[in-house]
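So, here come the structures, one by one.
Okay, so chain A shows up in both of these, paired with chain B first and chain C after.
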Partner chain A sequence: MKIENAKMRGFYTGLFAGFIGAIAVHISLMVSAMSGFHPDYAALLASERAIEFILYQLIYELGQVGISGAVFGIFYSMFYEAIPGKGVKKSFIFGLIILLFSNLWWSSYNFLLGLLTGIEKFFWYSILWTGAVYFWPVYGIFLGIFYERWK
Partner chain B sequence: MKRAIIAGLIAGFASGIVMFIFHISGWWDLLSIYPLHEPIDMHIILIFNIIQNTIWGVLFGIFFAMIYDHVPAIGVKKGLVYGLIIWIISLIRIPVIIAMHGAYTWAIPWIIVGFFSIAITYGLLIGYLYKK
Partner chain C sequence: MIAGIVPFFLMHIIPMIEAGARAKDIPFLISQAIVHLGWNGIWGVIFGLFISIIFDRIPGRVITKGLLIGLIYALFSTFQPVCSLWAYGNVTSALIFLLGGPQDKFIFGILFTYLYKPPK
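And then the complex of A and B:
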């Protein structure tokens, strides 16, 4: 499949890469819940509503990462030439830039607030947002694979 | 690169001041209790806003220099477009996720304050101060 318009290509490849990123989020969330990292989610997984929770959470992740992925895919097509590297390496770097700009901004926000106030929960939020480290690089890799193939 | 760092530093500092003005205006408290129901001293918020926005302002400034030629528009408008992109990536995505979890009274002020401090103030200043 070829898409001539670069922005449309960025949109569609970003959307599909976002869906794959969402699955990565979902798997890691379930694994972290089962290993006791999210007590609320672990309780839901042990309840009668486990299947419902798994499905709704997946739909939610597909929606939110898919939409953000599509928008960021447009940005990828806009700044394609300016990003260092070639092919998948280029999109992987873009994934890391998105991780830095979106999640690490909030991690540093909470970390700094924790340092200044001494309130422990801000450090916890800081770690929580850094957790996105497992899906933006995945998004970046698949964005590059789709983008280069649909050129 | 040095010019981009200095421009980012100044623009980031100014955006931190704008963010703080939103805090002391009381407008934020009208919609939500900042942040996540923890009352925090105004001096800490001032220091926090300035440090956070200045550090990130420098980083955003470096990226602006890297992608300068590819940002649409010219002059100050280029900075505004860049500010909007930063706002979408940094200050829309996470508040939207938080809003989806029910804390929309916390998320909406962040989106609005982010628009005025990052998209407008930071964007305008970086566009004005940095030229290749």
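And then the complex of A and C:
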């Protein structure tokens, strides 16, 4: 499949790479819930509503990472030449850039708030934002694979 | 770094002084100011490095280019968290993220464009 318009290519490759990233983060979330990292999620997984919870969580991840991925895909197509690297390496670097500014930025901000106020929930938020480490690098790799293939 | 720190002064110092005058907790406010200055400065440097890579490809002159840089900064820092919060049904927090964040990024963008000279 080939898409001539660069922005449309960025949109579609970003959308599909976002879906794959969403599946990756969903799996990591379920594994971390089963290993006891999220007590609330572990309780839901052990309840009668486990299937409902798994499906809703997956739909939520597909929606939010898919939409974000499509928008960042357009951005990727606009600044394709300027991003360092080649092929998949280029898009992987782009995924790490998004992770840095989109999530580690908030993570550091919440960590700082925790340090200043001593309120424990801010430290928890700072860990929560780093959860994006499970999808942006995966997103970056698949963005490159699709983008180069659909050229 | 300078472009990162100046918006901090504009956005945070005045409300902080007002709050400090009310709370009379000056040492706490001073420590908060120092930490925030460091944090904004560090992220200003990191984002400045990224923008310097794509600087030539951003259209416009000082103001327009600066506003676009601010928009890119806002896009990167708030779009995915807003999508995430919105999808979870936390609309109030999403709106706070969306409307409360971008102003200092636009100031950053304009200052960055004014201060930065791309290598020839």
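One rule holds in what follows: the second predicted complex is superposed on the first by the 151 of 151 C-alpha atoms of A that agree within 3 Å, B and C clash if a C-alpha of one lies under 4 Å from a C-alpha of the other, contacts with A are read in each partner's own complex, and residues count from 1 in each chain.
Everything that follows uses one rule, which is that a residue touches a chain if its C-beta (ideal position, glycine included) is under 8 Å from a C-beta of that chain, and two chains touch if they have at least 3 such contacts.
All values reported here derive from a predicted model rather than from experimental measurement.
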item	value
Room on chain A for both chain B and chain C (clash or fit)	clash
Which superposed partner A:Tyr56 touches (first chain B, second chain C, both, neither)	neither
First (chain B), second (chain C), both or neither touched by A:Val71	both
Chain B versus chain C as contact partner of A:Tyr109, first or second or both or neither	both
Touched partner set for A:Trp124, first chain B, second chain C, both or neither	neither
Residues of chain A contacting chain B in one complex and chain C in the other	60, 64, 68, 71-72, 75, 78-79, 81-82, 97-98, 100-103, 105-106, 108-109, 112, 116, 129
Residues on chain A engaged by chain B in the complex (per definition of touch)	60, 64, 68, 71-72, 75, 78-79, 81-82, 97-98, 100-103, 105-106, 108-109, 112-113, 116-117, 119, 121, 125, 129
Footprint of chain A on chain B - complex, ascending	35-36, 38, 40, 44, 47-48, 51-52, 55-56, 59, 63, 66-67, 69-70, 72, 85-86, 88-91, 93-94, 96-97, 100
Parts of chain C lying in touch with chain A, wherever the complex brings them together	31-32, 35-36, 39, 43, 46-47, 50, 53-54, 56-57, 72-73, 75-77, 79-81, 83-84, 86-88
Chain C partner contacts - residues on chain A that touch it in the complex	60, 63-65, 67-68, 71-72, 75, 78-79, 81-84, 97-98, 100-103, 105-106, 108-109, 112, 115-116, 129, 132
